[in-house]
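Structures follow.
Here come two complexes built around chain A, the first alongside chain B, the second alongside chain C.
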Partner chain A sequence: MFEQFKNLLVNKLKVSPDLITPEATREDIELDSLAVVELSIMLEAEFGLQVTDDELLEAENVGAMVALLEERGAKI
Partner chain B sequence: MTSPVPRPAVICGIGSYVPPDVVTNEDLTRRLDTSDQWIRSRTGIATRHVVAPGTATSDLAVEAGQRALKSAGCTDIDAVVLATTTPDQPCPATAPDVTARLGLGGTAAFDVAAVCSGFLYGLAAASGLIAAATAERVLLIAADAFTTLIDPQDRSTAVIFADGAGAVVLRAGQVGEAGAVGPLVLGSDGELSHLIEVPAGGSRQRSTGRAAPPQEHYFRMSGRDTYRHAVEHMTAASRSAVERAGWQLANVDRFAAHQANARILSAVADRLDIEPERCLSNIEHVGNTGGASIPLLLAQAAQEGRLAAGHRVLLTAFGGGLAWGATTLRWPQLTAF
Partner chain C sequence: MAATDVAVTGLGLVTPGGVGLTPSWAAVCSGRPTAALDPVLADNPVKISSRVPDFDAEALLGARRALRLDRFIQFALVAAREALADARLDPQTWDGARVGVVLGCGDGGPATVEAQHEVLRTHGPKRVSPLLLPMQLPNMLAGQLAIEYGATGPNLVVSTACASGTSAVGLARDLLLLDRCDIVLTGGSEAMVTPLVMAGFAQMGALSGRNDDPASASRPFDADRDGFVAAEGAGILVLERPRDARARGARIRGRVVGYGASSDAHHVTSPHPQGAGIEAAVAAALHDADAAHSAVQHVNAHGTSTPLNDAAEAAMIKRVLPGDPLVTSTKGVTGHLLGAAGAVEAALTVLTVQEGLVPPTANLCTLDPGIDIKVADTATVMPIDLALSNSCGFGGHNAVLAIAPA
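Presenting the complex of A and B:
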């Protein structure tokens, strides 16, 4: 799950792959709030996932975001 | 594909104007907690033009209107349509004053209020006047002194909005002519009217008989929600406009979207598979000029040679209302001022 989320960040949001670790915060991976809106749109469009940008913004780090997706039953 | 309008409106002149005073990102960092880097990465803007104290929207509109008339080589106008969110006064419309100052005398004149989609809704109004033979020639001006609505301490809007005007002359033409405005796609969603607004100063607040807190007289925008809806509607309206014109997205030579924010523009272009080389943009230097954005972009691009005769152009806008629109045209041979 982490790998698939990482691929999405790298391929679609142009995040540098070496920045992405489970402990990395949103600031560490340089995702501002508009990029988080993009991310929530993509998660819905590509994987049918309902995750709001508010929920993603509240997640402490990448690991927490992945946990949230897993909780939503993501099958990326 | 939609059946073509028998008497389409054809663009035969274009002009634009920005007021001379410039505010740089550096200037803004002196009064706001922000940085050049933040503003550029978030919005794509480096500088914007602002009205001097005492300058109003009509002043911008008259300049742009004169330039469009010069471009068209005519002063024989049957109607003046002014798209604006920042009229000189709440009453009357600003168009009659602009019309008088352009020396157009008793010509029909009215304002169109569709915020950042004002130019596209204005094209709809002008096309309608021409199709019904109410007018042979229409001067459509889109002008905003948007900075007059902005809270100078609101970082989220103060860095984005700016002032300017663009104008086109439209004449009755033939089906398939270069410059003919293609089928117009328009839409709205009033349930989300609160996302982009100036709440006070109108009948809703005034009928209460109570003064509103000062912040409610300023423009405010829910940034993230606006981003989401802008991307969705500009993308959908663009696809629809292209389809109704009988084109493919791959045929589009130039994509001219309302210059809201560079991030929105690239998200929409990405979804439409339109590469950066085909995208027109001037937001870096002029910011978000509200309704003026599209004609200002087209005029500047034409002057710089980035937009040339024969180019198939896709226009789209989105903004307060919510309201959005899109259309297509082939750029005509003309000199832009």
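Presenting the complex of A and C:
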């Protein structure tokens, strides 16, 4: 899931790949609150995952976001 | 005149002639038209436009940055960077509170609106981008430049259709003369060449229909003109009071010595048939410059290549400017940059007086027999002490800048 998530960030949001590590925070990968809404929309469009922007904002780093996606994916 | 002039200390251009001042000026001076078939308009009745060639937003602005910006803001950021470098100003060290931004724009980001409207229709409102409004609102042009350069002074976008760029430069000068700030980034930007907008222009009968020979389509003042060619791009000027510019040792390219504005109060799209509104704006600009009508030696005309505009504007020039000025319309090369046109043409007029070189009007094969003014059909070397740059917009807006050498 980390690789899929990373690919989404790189290909759709044009985040620089070398910034994306499990420890990287939202600020580290240069996502403001609007970009997090975009990300939420893309997760549904690309992976069929329903994760709100508020949930993504609460995740402390990329690793926590991926954990959230895996949890949500497991339920589908 | 000395009390009301402002110095142009920097210029930046992104035009169908190229990305940058040097290629844009070279293209305009060569008289080589830029209009071409546009793949985006393949299903439209009018299939031609003048695009900025080789504009690589990702390379110029960074991929992540470019993704979040409509094209009209991308153009302005690139032109502003060139203008500030040209002015040798360093935004890292300036007092941003004394730096204003006044830009013209006709429509903001219609390409973004059209793309997101498609998302709405196809996938519903929950898929619409949160960046829809920050990307497309016209005021974001000034807002984004402020963010980029820490310019925290007066900040606004003016919208007077195809006069927007000229209105912006005039208002920027007013701000300097009122001491509201010390430096203004002004000009305009436009990226309106989309299928929907172009369908609208075509339905109005405003566009040239020369799909079979795009290069000949924009032909201001020519007997066979049949409409304008829509174009895209940006022009940015750095303005300062001359005293301030001299104090920091800046190179002054030229001066904006007068500004005049008016409304036709006549019709939403047709110009006043005798050009009464543009005449009033010319008179106001010359009064502002404390200059005689006979002193005007050159006019960068609005000259859109529409039958009505060129006839009315030429009649006004003949009637009002007795000095037999040499007139050009750079739109023969660039096409019509709409809300950015006046900004680009103000920059080109500054270069014209600085270089003493009037660019030709492309495609001027046979001067309309009803037009009795002197139109440059080749690049012409001549010293110029006073020039005008005219703009008119749908809605009846007229704006004129009086421009003089340093």
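Basically, the second predicted complex is superposed on the first by the 73 of 76 C-alpha atoms of A that agree within 3 Å, B and C clash if a C-alpha of one lies under 4 Å from a C-alpha of the other, contacts with A are read in each partner's own complex, and residues count from 1 in each chain.
Here is the rule we use: a residue touches a chain if its C-beta (ideal position, glycine included) is under 8 Å from a C-beta of that chain, and two chains touch if they have at least 3 such contacts.
Predicted model, so just to flag it, every value in this text is computed and none were measured.
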Touched partner set for A:3, first chain B, second chain C, both or neither: neither
Partner chain in contact with A:34 - chain B first, chain C second, else both or neither: both
Contacts of A:23 with chain B and chain C, given as first, second, both or neither: neither
Which of chain B and chain C A:58 touches, first, second, both or neither: neither
Touch count on chain A, higher of chain B and chain C: C
Partner chain(s) touched by A:46 [first = chain B, second = chain C, both, neither]: neither
Touching partner for A:14 - first (chain B), second (chain C), both, neither: second
Those residues of chain A which chain B touches in one complex and chain C touches in the other: 34, 37-38, 41
In the complex with chain A, residue positions of chain B that touch it: 41-42, 223-224, 227-228, 231-232, 263, 267
Of chain C, residues touching chain A in the complex: 58, 63-64, 66-68, 123, 126-127, 129-131, 134
Residue ranges of chain A in contact with chain C within the complex: 13-16, 30, 34-35, 37-38, 41, 44-45
Of all residues in chain A, those that touch chain B in their complex: 32-34, 36-38, 41, 53
